[in-house]
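Each of the next two complexes has chain A plus one more chain, namely chain B in the first and chain C in the second.
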Partner chain A sequence: MTLSHETVNVDGWLEAVDRLANGSLTLLGLWADPPGVKMATLDEAIGDISIITYITRHNQYPTVGVKHPPAIRLERAIRDLHKLDAIGASDTRPWLKHPDGVYEFLAAEGEALHQISVGPVHAGIIEPGHFRFTANGEFLVRLEQRLGYVHKGIEAMMADAPLDKATKLAARTSGDSTVAYGFAFALAAEMALKIAAPPRAIYLRALMAELERLANHFGDIGAICNDASFSLMHAQCGILRELTLRAAEACFGHRLMMDLIVPGGVARDIAGDGATQLRTLLTEVRRVFPHLTALYDNTASLQDRTVTTGIVKPEYARQFGAGGYVGRASGRDFDARRQPGYAPYDRLTFDVPLLTAGDVNARVWIRIREVEQSLGLIEQIIGSLPDGAIETELQAAGAGEGFAMTEAFRGDVLVWLRLDDNGRVARCHLRDASWFQWPLLETAVEGNIVADFPLCNKSFNCSYAGHDA
Partner chain B sequence: MAVIYDFALQGAQMLLVLLLAPLLTGFVRKVKARLLSRKGPPLLQPYRDLLRLMRKDVVLADNASWLFRVIPYLVFAATWVAASLVPTFRSGLMFSWTADLIAIIAVLGSARFFLALAGMDAGTSFGGIGSSREVMISSLAEPAMLMIVFVIALIAGSTQLSTMAAFMNSAEVGLRVSLGLALIALTIVAIAENARIPVDNPATHLELTMVHEAMVLEYSGRHLALIELAAALKLLLYVSLIACLFAPWGIAPAVVAPIPIFIGVAAYIGKLAVLGALLAVFETVIAKMRVFRVPEFLGAALMLALLATLLRFVSGSF
Partner chain C sequence: MRKTMIESLLRGQLTEPAPPVDEAALAELAESVNRAARARLGRSLSIRHVDAGSCNGCELELHALSNAFYDLERFGLRFVASPRHADVLTVTGPVTQNMREALLRTYEAIPDPKWVVAIGGCAVDGGIFVGSAAIVGGVKDVLPVDLTIRGCPPNPRQLLAGLLGLLQTVA
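Right, the complex of A and B next:
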């Protein structure tokens, strides 16, 4: 990939907005580094990523969201966190912060319509978020989300933090993707410091990332089936997830592998018998998983629930630049491991599964195929794990900027950071894949019934914590 | 003396169903857990849950009316009465003349009517959703149930459960297509009426998919205990009904002797265990259906029962 940084004037900014609106660029992120506002875009045709900076005047910048809706929530978040206003924005309600006063939900008017409000506290033990449904009997007319209940202020806490503290904060953005966040943060920090991790560390990072992907995909496949009240899959996938987590603990001493990826390398080498443990895991998964896939595929009552439910239209997936299984189930052929690509995936062989149906079933199948790919990747990594050091010394390199994207199990994580002269983090921005997936959930429930929403929602499994950060 | 004995037996029947109902629920849960390779809660867990709920305070919505507070008692009483009327271990009990299948359906229907009212009483959106779904399901299940009653009554010549059970136990009944169809239809209705998978999921935490649970979401404390006990009784009732109509073996005749009664109780518990295990297996291998598939599912029950009635009219030997 080529990465370009540029400071632009109004014309440059508006040109980028126009290119976003006509689809020749994909929005990767929009964040503030006061007094500037930064926008990362991807030209999918040639794979170029560009970060443009617009220096605000009177704390204002021209809106992106009016022409390119995926930016609306990002603009609202910038207003909440940095008090920079998007001029001409159509939606100026708060997003991440919840000030006193009534929050105006968008109207849906009609005689037979009624509202159902769900959350932020749910009946099950899940993260908090509010859903406002407008329904006509069982049929959904509109869904509007309200998030921000788990805004932890991670980016604010990172400001002026030393690198080791910021690393820990990044790893806690969304616990289920702690490896992916740690990975992305480390890559960005290494770019800013102009160093590279040793080869062994690079392979170990990918090993952790694939283990995390396996564990989460097992959990998701089971949980989606469980939301259709098919608890048999849930129990069996739960066993596989547990085996994966135990293997992770045996290899790295932590079930979720938190805080193991650090700028410069990894904090801990794989245990002596780690490769054996992982081979046992692979054998067991390869023995059981095909049966579970067949069970999923052959249970007609389950297929009846997942096929044609919650369809995400390919044009929306493309417009929003939806990553992960949400995008790949709707024909968006994007995987951060391949584009922009990062080590060691350039030296490993894997396929990126792609489907176009865009329904719950397609999102399950993408996960199933990714599990198979991850098994192959783990095998390749333990087969070709280089010897050597696992960490390079960090040296102060003065001020610098870093940018990285990694593929978490639910989609691409973007990290941008700027170090000050003392090597402390001046500003860091973490963007979860969920930012561009949550809005698609609102479109996916169109024409569905109220009772099918939990199934659609689970098939997205967007992060509340990662989004609210 | 005979009156006292009859009275004692009727009392024993009422106590038996009340005590066994949570056990059946616990048993089904246990079998399901074992099928999923889990240990599952102990068999007696439902009793503990009920005790815990009984001791807890009741939390009432500010705008809940008196109806909301009365309905749990009403629902429980109606379900208990209905469950006590189905012959379990002995036929010809003191009140068996009231054990008319149509009457039982009517009692259960009123209980449901009031529960649906209670669901809407507090004015929450979930209660409303639950009540509307419950009424949709029952409006389809009740006609099917009545058709089933007609078939069996036509064959047995009575709607009196004791008489029906005695007839089904006799050699006269033989192998009949219409009875087979009625059994399938009754099973479908029983699954829908008891909010089991694939119509509803009694174990779900997803508010938006609930039917029965959404309706009773606002209940707490002893009110919830009564409603849960009523739900357990209803499951026991339907299982007993299927057992008494389609597997009436072992039910003690109306004689005064301890051994047949002992055999009757043992046979009854055995039947509950078999049917409970079958329910657990069925619930494990199937996913819940979309809400709008439920009419097709229950429509199948109605059609089967209708077909059984027609067959019965075409020829007496069906």
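Right, the complex of A and C next:
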């Protein structure tokens, strides 16, 4: 990975905005480090990542969102959290903060249109968010999301926090991706501290990350089928998910593997019989999962619900830089494990599945294929786990900046942080993949029937907690 | 499909025996229950869940309660879609400023008698998020709490032990 930092003037900022708008750069993140505003971009053709900083004047910076819509919500968040204004922005409504008063939803006008208002409290055991649907009979003509309900002020709490406290906060940004967040935070902190984790820790991190991916994909595949009323798949995938979590607990002492990845390495080595436990898991999954895949593929009533439902257009996936199965089901060939890439994945063999149909079915298939890849990765890791220490001692290295991306099950997690002279976190920004996936859900449901929304939504499985932070 | 179903039947059940009831939970609950309520509810409780600011970790383990290993419904406990159908409100997360009103409204929509269960370290007192301006605090800072189930997140056995204590005391 080539990573460059640069402070730019207004011309440099606007040039980057133009390159985002014409598609030659992909937006990875936009956040504030007052008085500066920072933008991370990826040049997908050559794989270069660039972080540019613009120092605001009178707490203002030129808008990105007007020319490049994926930045709109990020600008609204920056205004809420740091009181820096995007000049020229078309949408200045609050986003993560919910002040008293009426929130103005976008208008959808026409004869025979009606609105359906859902949330923040939803019917299932899920996270809170508000969906405002406008429908014409059964057909959706507009969905507008309102998020921020689980905003806990994680980044504000990290400011001036000691590294161990910040590590715990990062691990609780999105519980389903606690490993991926811990991983990205540790890599960013290690870059700032100019240290590297020992080889054994690096492999154990990837082992945890692949177990997390497996557990979540099993959960998702089952839950998507359940939203099409096919509960048999849900029950069977639920068993595989539980077996995976039990294997994780047997190996690392925690079902979700929370707080195990720390700057410098991992907090706990794999249990003595861990490799045996995992081989048992792999054998069971390989015995059962192909039958479930065939069941999914051969059940016409289920396919009838998932095929051609909730299509994300490839051009939107590209424009929004959508990561994970949302992007890869719509032709965006991106996986943070490969680009920018990080250890130990550079030494492991795996494929990144890619489809172009962009419907619910394609997002299911990407997950199925990724399950198969993760099984192979786990096998490689336990077969080549290096001996040695699991933690490098942290040493004060003075002030520094760090940046990392890891591939969570739903897509890329980005962490940028700045440490002060005492090794405390001066500022940290965590960007969930959901920031660039939620807006695509709004596009994917258009023209679908209301009853297919849960199916579309589950096939995205965006994070509320990771987004709201 | 038939093959998968037959195989499942032949394999025998995965469902495990119930964990022992959490004694601490029983003591905590004893005060909040009266006999009239017990008679009215029978041996079943309907649960409405609200995530008031959780990281989603607790939700994952609440979901696990419905899998083949824990099978929550065999105890007469079930999650329902509307607070109007509920006897129990389970709440996870520190309560955020942005969820305070929605949590209160959900509680008010549940008919009496009703009980509140705070689930996870954050729900107890705000947990690691104590001190953030974006949160109100723990669940007890917004609603009367009858039972707490600790853990980050509590695992399904701990959740089951707590909820069975509730069932034994209330219903």
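In this section, the second predicted complex is superposed on the first by the 469 of 469 C-alpha atoms of A that agree within 3 Å, B and C clash if a C-alpha of one lies under 4 Å from a C-alpha of the other, contacts with A are read in each partner's own complex, and residues count from 1 in each chain.
Everything below uses one rule, namely that contacts are C-beta pairs under 8 Å (C-beta built on N, C-alpha and C of every residue); 3 or more make two chains touch, one makes a residue touch a chain.
Note that this is a predicted model, so its numbers are computed, not measured.
Judged by the touch definition given at the top, the superposed model places A:465 against chain C, while chain B stays out of reach. Touch criterion not met for A:413: it reaches neither chain B nor chain C. After overlaying the two complexes on the shared chain, residue contacts for A:141 are found with neither chain B nor chain C. In the superposed pair of complexes, A:64 makes contact with neither chain B nor chain C. Using the contact criterion defined above for the overlaid structures, shared-chain residue A:151 touches chain C, although it does not reach chain B. Once chain A of one complex is fitted onto chain A of the other, the partner contacts of A:188 are absent, as it touches neither chain B nor chain C. Chain A has more of its residues touched by C than by the other of chain B and chain C. In the superposition on chain A, A:305 makes contact with chain B only, not with chain C.
After overlaying the two complexes on the shared chain, residue contacts for A:25 are found with neither chain B nor chain C. Look at A:454: by the touch rule set out above, it reaches chain B but stays clear of chain C. In the superposition on chain A, the residues of chain A contacted by chain B and by chain C overlap at 123-124, 232, 235-236, 239, 299. Every residue of chain B that touches chain A in the complex is listed here, in rising order: 32, 35-38, 125-126, 129, 132, 197-198, 201, 203-209, 284-293. Chain A meets chain C in the complex at residues 97-98, 120-121, 123-128, 148-154, 156-157, 165, 168-169, 172-176, 178, 219, 232, 235-236, 238-239, 241-242, 245, 249, 255-256, 258, 291-292, 295, 299, 463-465.
Partner chain B is touched in their complex by these residues of chain A: 114-118, 122-124, 137-138, 225, 227-232, 234-236, 239, 299, 301-302, 304-305, 449-454. Those residues of chain C whose C-beta lies close enough to touch chain A in the complex are 1, 3-5, 7-8, 14, 49-64, 66-69, 79, 81-83, 93-94, 96-99, 102, 105-106, 128-129, 131-135, 152-153, 155.
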